[in-house]
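As structure tokens, here come the structures.
Paired with chain B in one complex and with chain C in the other, chain A is shared by the two complexes that follow.
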Partner chain A sequence: MEIKTDDYQIWYEPEKSTVFCSGYLRLNGSEEYQPIMELLISAIGAQPIITINLRKLEFLNSSGISMLSMFVIKVRQNGNIQLIFEGSSKILWQTKSLKNLQRLMPTINLDFS
Partner chain B sequence: MPQSSTDRVFGRFLEPLLPTEEYLTINFSPTSGSRKEYWRNNGISADFLGDYFSSFFPISEDTQAKIDKRNEIKSMVSFIANELLENAMKYSEQNFRLPVTISLHLYEQELVFIAANYAHLTTIATYQEFIQEIISSDIDDLYLRQMEKAATGESGSSMGLLTMINDYNADLGWKFVSLSDKPEVSKVIIMVRLKV
Partner chain C sequence: MDTSNHTNQELLAELESLRHEVITLRQTNSDLEIAIETIAAHGDALVAELQESNQKLEIEISERLRMEASLQALLETTSSDKYDLQTMLELTVEHSDFLEKSLSQEVNNARAIAIVDGLTQIPNRRRLEEYIQQEWATMTRQKNSIAFLLCDVDYFKLYNDRYGHQAGDECLKRVAQAIAKSLSRSSDLAARYGGEEFAVVLPNTNAQGGIKIAEIIHSEVAKLEIPHLQSDINEYVTLSIGVSATVPSQTSSPYNFINNVDKALYQAKKQGRNCHVFKSYNASAKIQTNDLETK
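Up next is the complex of A and B:
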């Protein structure tokens, strides 16, 4: 599973149970984010742990932040899945906004490096 | 701009703006370009503003800081300018081919963004309701409620403004100016102030 454009790349590595996101995401509203949302949801599958690696995602607009919220709520509804977000302490939007996702699901593990 | 009795102001909208040597305005006049091209311009312009204004700030000498001041300014400006442009483009009245503008003014202790577009009165009514909610609510609570709402896909652009306030400590103000020759449209001006 992979979505690749000049601006961003999203792919799933099943052996690591990790979805990697990199580049600049400034899509127009939830409709344009739908394919990425579908990739994220399909990665939930039967795995007990899922990791979303954002360490190379330099930019995410607020529609993208809403998409992540939507994903967190889907995982929350599934119950019994450990969700990990891997972020970078060098990317400002991640240091400012990722912690908000924990308010939707306090068991989220935020791993900054 | 002369103040008319139908003009409305919400939040902290400073007028007149204090003069500054350092400011930049970008004006987008409507063209026949596709919506996608238009959208792409938002990101390019926001990044340009971020790059340009960050050059006024020093590269941090604090080696312990994970993000130096220059990069912090660049990222903040780029995020906020992009959100303002996305909103202005999304909610502009298409029938009159009126422009969208964004200005950024640099002061010793703050950056002031001003974005303007023209919107239909029905769009404005919904927007003003949301602004009232921002002004009268506890932002922390409203942010969480809107996040839950966003998850159902129904929150529109509200997360952009809330993210500016909640995550970047921005101070927002709005002004709505009616047009005498186009009664169904008003000019929407948003001011965003960031401490630097």
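Up next is the complex of A and C:
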């Protein structure tokens, strides 16, 4: 499953159990983020591990981080799922905000490279 | 014989009495039995009532315990929801504060780039126009004099033809630096006005002050000693400068004033270049007073 526009691309690779996000995400409000939220939720399958790769996500606005927070809560409520975020230490918002997501689910694994 | 009759009568009487007594006792017995049955039945009824009440109470207790458990669960969910919401709010706000700060920095950087001339690295025409509007208004309010200079590199096209465009660019860079160097106050602004033309805005400066700066600029450019073999008037690069000064008024605009400076520059060229010409300007009237010329 894939969402592709001029500004961003989001796709799911089931073999890697990973959702990839790249580009610039600055959609207006949670309604516009709904399709992306649905893609993320569909990735919560039977696998015990789910990885979200944000290494090429240059920009994410407030509505975006809010959507990611809700996704984290959904994963937590689902039970014993290991959630991994792959980020880039060169993208400054990631170094601050991904760490904050651990406040919602302390077992989140953060992998910066 | 009497005793036996007497005894018989006594016996009969006693018998009658006993018979009565038996009847009475039987009656009493029957009454007692009825009483006992009534009391027993009443007791049973009371026990049954108590049992019913007891059952009702037990049902009510179990109902309330169930409600308490479900309220407890709701409270826990609400507390955890509240924590989640609070956390989400905080992290979203922190994220957007961070974005605002970095975007604001980018805007400032972009703005700084937008107001600088790429080649000479001094303020560009856009910045000049913004600045002169601002200072014209301030000088109007304060009723102070503002001076303006237009400096044009003499025979610049011939310089380009002779030495090439790269050398021409280099020449412009050095001239721009020399002009900027001639200014000493933070409120003075030198900007690139056109291809080989530079403007200088001098707030709080009168005619003498403007002329003085023109002289310093000539001197600084002369110090550069940039060879210019195509120049008819000097072996080095020189400038022609137009100068004017005025106290702006409410009804005047800086553009007429700048036009006046342009005319002064034109006269400097006509007078043989490598000089400066002052043309006075009265912002409150359209009439111009006598020109003051200096070399």
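By definition in this document, the second predicted complex is superposed on the first by the 113 of 113 C-alpha atoms of A that agree within 3 Å, B and C clash if a C-alpha of one lies under 4 Å from a C-alpha of the other, contacts with A are read in each partner's own complex, and residues count from 1 in each chain.
Following the convention adopted for this analysis, a contact is a pair of C-beta atoms (placed from the backbone, for glycine too) under 8 Å apart; a residue touches a chain by one contact, two chains touch by 3 or more.
Since this is a predicted model, take the numbers as computed values, not measurements.
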Original post:
For the three-chain model obtained by superposing on chain A, do chain B and chain C clash or fit?
Top reply: clash
Original post:
Which partner does A:N78 reach: the first (chain B), the second (chain C), both, or neither?
Top reply: neither
Subject >> Partner with the higher number of touched chain A residues, chain C or chain B >> reply: B
Original post:
Regarding the shared-chain residue A:S30, is it in contact with chain B (first), chain C (second), both, or neither?
Top reply: first
Subject >> Which superposed partner A:S69 touches (first chain B, second chain C, both, neither) >> reply: both
**OP:** Please indicate which partner A:S89 is in contact with in the superposed arrangement: first for chain B, second for chain C, both, or neither.
**Re:** first
Subject >> chain A positions touched by chain B in one structure and by chain C in the second >> reply: 59, 61-62, 65-66, 69-70, 73, 92-93, 96-97, 100, 103-104
Original post:
Within the complex, which stretch of chain C touches chain A?
Top reply: 84, 87-88, 90-92, 94-96, 98-99, 102
Original post:
Which positions of chain B touch chain A when the two form their complex?
Top reply: 35, 39, 42-43, 66-67, 71-72, 75-76, 78-79, 82-83, 86, 90, 143-144, 147-148, 150-153, 155, 157, 159-160, 163, 166-168
**OP:** Within their complex, state which residues of chain A touch chain C.
**Re:** 59-62, 65-66, 69-70, 73, 92-93, 96-97, 100-101, 103-104
Original post:
Which of the residues in chain A end up touching chain B in this complex?
Top reply: 24, 26, 28-30, 59, 61-63, 65-66, 69-70, 72-74, 89-93, 95-97, 100, 103-104
